[in-house]
Amino acid sequence: MDYNLKSIATCVATVAIMAAGAASAESVINIAGWGAQSGPLRSFGVNSNAVIQAAVKRVNEEGGIRLADGTMATLAYEYHDSACNAEQAIAVARRVASSDVLVGIGPTCSGAAAAMFGVFQKQVDDASDTGLQLPILTDTAVRNGLAKISQWTFRNTPNEPAMYDNLWEWIATNQPDLKTIYGGTETDQGHSNGTYSKVIVQAAIRHGFTWAPGDLEGLTGDIASGFEAVLDSSANWLQADTNFAVQARAFRKSGADVLIVSSHPFTTCGMLKEMSRQRIEPGLIVGLTSSSSAEVMKGCPDEAEGMIIPTSFAPITDAAAEVAALANENGGDADLHSAAAWENVMIIKQVIEAVGITGDASMVAQERRAIRDGLEALTETEGLLGTITRNQAEGEALKPYVFVQAQAGGWVVVHDPR
Amino acid sequence: MLRLSNLSKYFGGVRAVDALELNVKTGEIFGLIGPNGSGKSTTVNLVCGIFGPTSGSIELDGVDLKRQAPHQRIDAGVSRTFQNIRLFDDLTVWQNLWVAWRDAPGQEHSWFSNWFGRSLSRRHEIQKLLEFSGLGDKSNNLAGNLAFGEQRRLELARAMASKPKLILLDEPAAGMSSAEVTDLRQRILTMKEMGITVLLIEHVMELVMNVSDRIGVLNFGTLIAEGLPEEIQNNPLVQKAYFGSSENTSGGDTNAIDQ
Amino acid sequence: MNIDHIDVIQALIDGILYGSTYALLGLGFTLIFGAMHKLNIAYAASSIAGAYVGLASISVMAIPPILVFFIGPLSAGAIGLVIYFACFRYMPTGNQLAPLMASIGALFFVDEIIIHETSGSPLSFPALLPDSYFFLGQFGIRGDLVMVMFFSFVLMGIVMFLLYRTKLGLATRATSQQSVAALLCGIPTHRTNATTFVLAGILGGFAGCLIAAAVGVLSPLITLPLTIKGLIVTVIGGLGSIRGAIIAGFLIGSFENIFLLVRGVNERDIYVFLLLFVFLVFRPNGLFGTAIDRD
Amino acid sequence: MLYFLGIFQTIGVHTLLGLSAYVLLLTGQLSLGQVGFFAIGAYVSGILTVLFSWHIFAALAVGALVAGFFAFLIGFPALRVKGLMLVVATIAFSEIVRLFFFNLSWRVEVNGFDVGPDSTQGFREIRYFAANGWEQTHVVALIWSFVILVMFLLWWLDRVRAGAVLRAVGEDDLAAQSSGVNLTMVKVAAMTAGGVIAGIGGGLFAHSTTYVDHHTFTILLATFAVSYPILGGHKNVFGTLLAVIFIQGFVIEGLRFMGDYRNIVFGLLIILAMNLRPQGLVDGHFISDIKKKLGGKPKKDSADA
């Protein structure tokens, strides 16, 4: 026993020395990712991690990242579990900020992101603000308007106002017989609720659809107009609800041509199943971006049939298909959330090479600042589905998107506006 | 001192105490006996305010206790022990008394020092009471770790810590050896000498008959006899209640609080 | 939306039918509490875990989906036994807090295992009676929930039979009322308690499967809300009262549906909790509970 | 370093939350409602600093008082229920509070930005510390001065009669009542004190995380709140602190190297701890051992649990 332990220890030490020797020969650029790897939203973190892992591997296979002096550095990353919890996300952010990591990707949950972004410096160069100074490029947390909390935080998440605007325009053109809309959302989920009541419904009104139960006060086509009236008039549920009888009946009663189910996979499936039980067959069902994932197909492939969702990811380009395959190899799924992580790693590589980084651990603060400025200077980047333009006043992205429809247990692209 | 008139307590359909009339005189030791389930413990609980009576009145020195909360009755001068010992097991012996302590008239602490003072002067007085109870060297022990007899003495001491005028002893000799009963008898007599009125509920006849000034017999919640110990001993009604009709154990619920 | 009396009656029907799933859960909580006077917080989680095991076995092995309703309860019974040994068996008798805390740990553990295995992804669960929606006049009725309701009465009957007509039930009730005395009378209290846990576990696993089948989707998101629902039902029904749990399940189900209809989902649960609060203050022993300040 | 300062903040805030449950546990009341008072403290003090630009101390004080006031009100109906019934009643209370804040939307324009609680979207940018140039060390100092103050007061409480009375009520409220203890007063006072402590903790939490929403204050956090004193043992105020360090410092942050398995181990460790030390980590033996090690004379027999 003693002997074994000793030999293992020797072996470990040798490997460590060798690894250290190898590492010192070339420089390393550290990045970090974090998101929920525990708790009910674990799939976000698992997927994000799987994609980042593949992207980092790809960068290194292609030679790594070019530093200011022209040498190549390896990209190293570590993924942390923030459990969809504000305190843990902040703890990880602080932990990462006190290491020599240059840029972070995450977190996955909007609530955790809203808290975490708050501990960052709001405006750069504001010496009186003691917030953290580390550039963040978020992949998954999609709730509206988060990146503007700090000038250090950027997001590469789908732009829902643009996507839904285009979706309704497309529906109005292609299915002119659909006139009225009605729907519901999980009100206790910030993203579902906000997107539904401030974005989706208004975009439909803008394109000539009418609210089935009758016109609502204050509801014009403008973003967020009359959102309280929309919520009051809709048939809503909560994100852990299990009984949808009353809501489905309200859907039926509304007699709307298009029904909107703005929620995450679990209740989307619950609601769709109840609708199918009550044999509600609308002209069309529109879903929330986040439900265009594999999870809906695990939960209710039959009932989701025909539902249309705009999404910023589908394996329709070679690059996108490759990322999807790589993510699967790493035990995750590439979807509209996690695929952004691939783009983020590539954006980080692009920015680092553009601004010129030494990789010197003593210059972490300056180099973080340089990368932040580089991120802010970006106007366009190449994404998996094409060019991503950026709205840097808000720190947000305008990503290309497609409309997918659930067909025979999978997502099929039905319209590609790129 | 204590006057119960027309006192009744019903649990559902069970008449645990039924139109009870009882008068305990100042300075006496009044023994209350009766078969199991005759309403003795319920009577104690009524006097202490654990239960509210269904009807009737409870007066202490002419003051109606009925509307007073249990802790206010302690202030009025009534305290008690329990049939099954109920000490604060995880507190030390002297803390058990500290919780129940009431300062003697004229020596009250201020509100603040009553609650938040460490009060060494009280410690001295409490120690005296402990010495009296034969627990002088145990003051820092946890109450739960005491021997059975010591726990009985501590409960007695705790009942005395609030400086009562009237003490209700609910079967204090239950489970005691005869030596311990003799000791208990001595303590009860000492209480009487100190001017405390005692209402003694007891099964152990050796104790009741030797220590009581007067005795009342309870059956089916009413007093069936009252008198000097010798009179009670020879009362045929009592003998019948105890031995003749033992199958009539009504009101299993009446001892609820002590189970 | 205009609400007419048809909507109200329909919501009541839906609520009562769905309430039968709460009733089943409350039954298990009350059984354990009745037997041990201790609270097993991990109960709803282990019920759902049973449903997961059932689902996993039918998707791994090529067996008919209906078997999920046998495998699920049995595995939940096994989980119940493990929880009994891990959280209750070796705890000091008088200590209420330690087993409670341990069962909280078990709740986290069970939940996290499920999450770890499924990545928290919702999974489709076989329906009990697919396409069994029928109409009674103007009112729509879910056939599968009628079935659940039927089961809840049957299980109530079985539990009552076990408790009041069998030797095991006698032992359970004796242990619950005076565990020391029961021990002295030669009743093996530990084995009795373990049996109760297994029974309650089987019951819970069955409830978990029925709930999952009623929703059609299984997700770890529902364990905490179901725990709370189960507790509310247990308390309103009266601790340890079997028929109380069943009736309270229907009551809560219909109550929340009416308030969902009338006041909307954001306020629905506020009224449910207010109802609970009113119950606790004005009828602290619940609908059918016996006074608990005996000890 | 920054990381550890952050962990100290978390530990401090959770210690306050745990101590608020500890006070109630002393009187034998197991409350899952502490998170409700915590939420009240968080929202009230956050609203005061963000919407009304109050100073942090004033905001914390008002937050604590409002939380204490609600605790006082809840104390009376809570008297009527015990044990499991109290657990469920307090769950009901904290859920009602949570749902209230879930429905609360109060948006005000301050310096050109819309701020304030925005129902489901949460209450963002409670950035008093960072915006006013507080370093992390200052925040840690602020949080810990409250922790030390509260711990000192509770430690001192165990040395005066009020503490013995609280524990007597916790052991046997009927016997305490029959020893002249005013149960209503004691239980309501404990509830109020618990509310004030949770309120301070909530205020500090909101400002240290900069964001709160109704998901923050679920039954899960309520469970954590009671877990600390139960896991730590309520013999001694330091048990709660030790339990918070164990859970927040060791199990949550310290086990990060276990990656995926961290949260699974979490539950197992709690089960294990309760089986090994059912009286809590800091039980009687632990205290007497420490006293012996410190060379002091352990009170004879007194620490034997």
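By letter and in written order, the chains are A, B, C and D; residue numbering begins at 1 in each of them.
Criterion: a contact is a pair of C-beta atoms (placed from the backbone, for glycine too) under 8 Å apart; a residue touches a chain by one contact, two chains touch by 3 or more.
Worth saying up front: this structure is predicted, and the values here are computed from it rather than measured.
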item	value
Core chain by centroid distance, with centroids computed from Cα atoms only	D
Most distant chain from chain A by Cα centroid	B
Chain centre separation in whole Å, for chain C relative to chain B (CA means)	45
Cα-centroid distance, chain A relative to chain B, in whole angstrom	72
Inter-centroid spacing, chain D versus chain A (mean Cα positions, whole Å)	34
Chain centre separation in whole Å, for chain D relative to chain B (CA means)	41
Two or more partner chains touched - positions in chain B	none
Shared-contact residues (touching 2 or more other chains) in chain A	38-39, 187-188
Interface hub residues of chain C, defined as touching at least two other chains	112, 115-116, 224, 266, 269
Residue ranges of chain D touching chain A (in the complex, touch as defined)	1-3, 5-7, 10, 102, 120-122, 124-127, 129-136, 209-216, 252-253, 256, 259-260, 262-263
In the complex with chain A, residue positions of chain C that touch it	1, 7, 10-11, 14-15, 18, 21, 112, 115-116, 119-124, 133, 140, 142, 211, 214-217, 219-222, 224-225, 253, 257, 260-261, 264-266, 269
Interfacial residue positions of chain A with respect to chain D in the complex	37-39, 80-81, 83, 86-88, 90-91, 94-95, 97-98, 111, 114-115, 118-119, 121-122, 128-132, 143, 149, 187-190, 193-194
Residues of chain B touching chain D in the complex	48, 50, 69-71, 74-75, 79-80, 82, 86-92, 95-96, 98-102, 114-119, 140-142, 145, 158, 161-162, 257
Complex interface listing, chain D residues touching chain C	25, 30, 77, 80-85, 87-89, 91-93, 95-96, 99-100, 102-103, 218-220, 223, 226-227, 230-231, 260, 263-264, 266-271, 273-275, 278-279
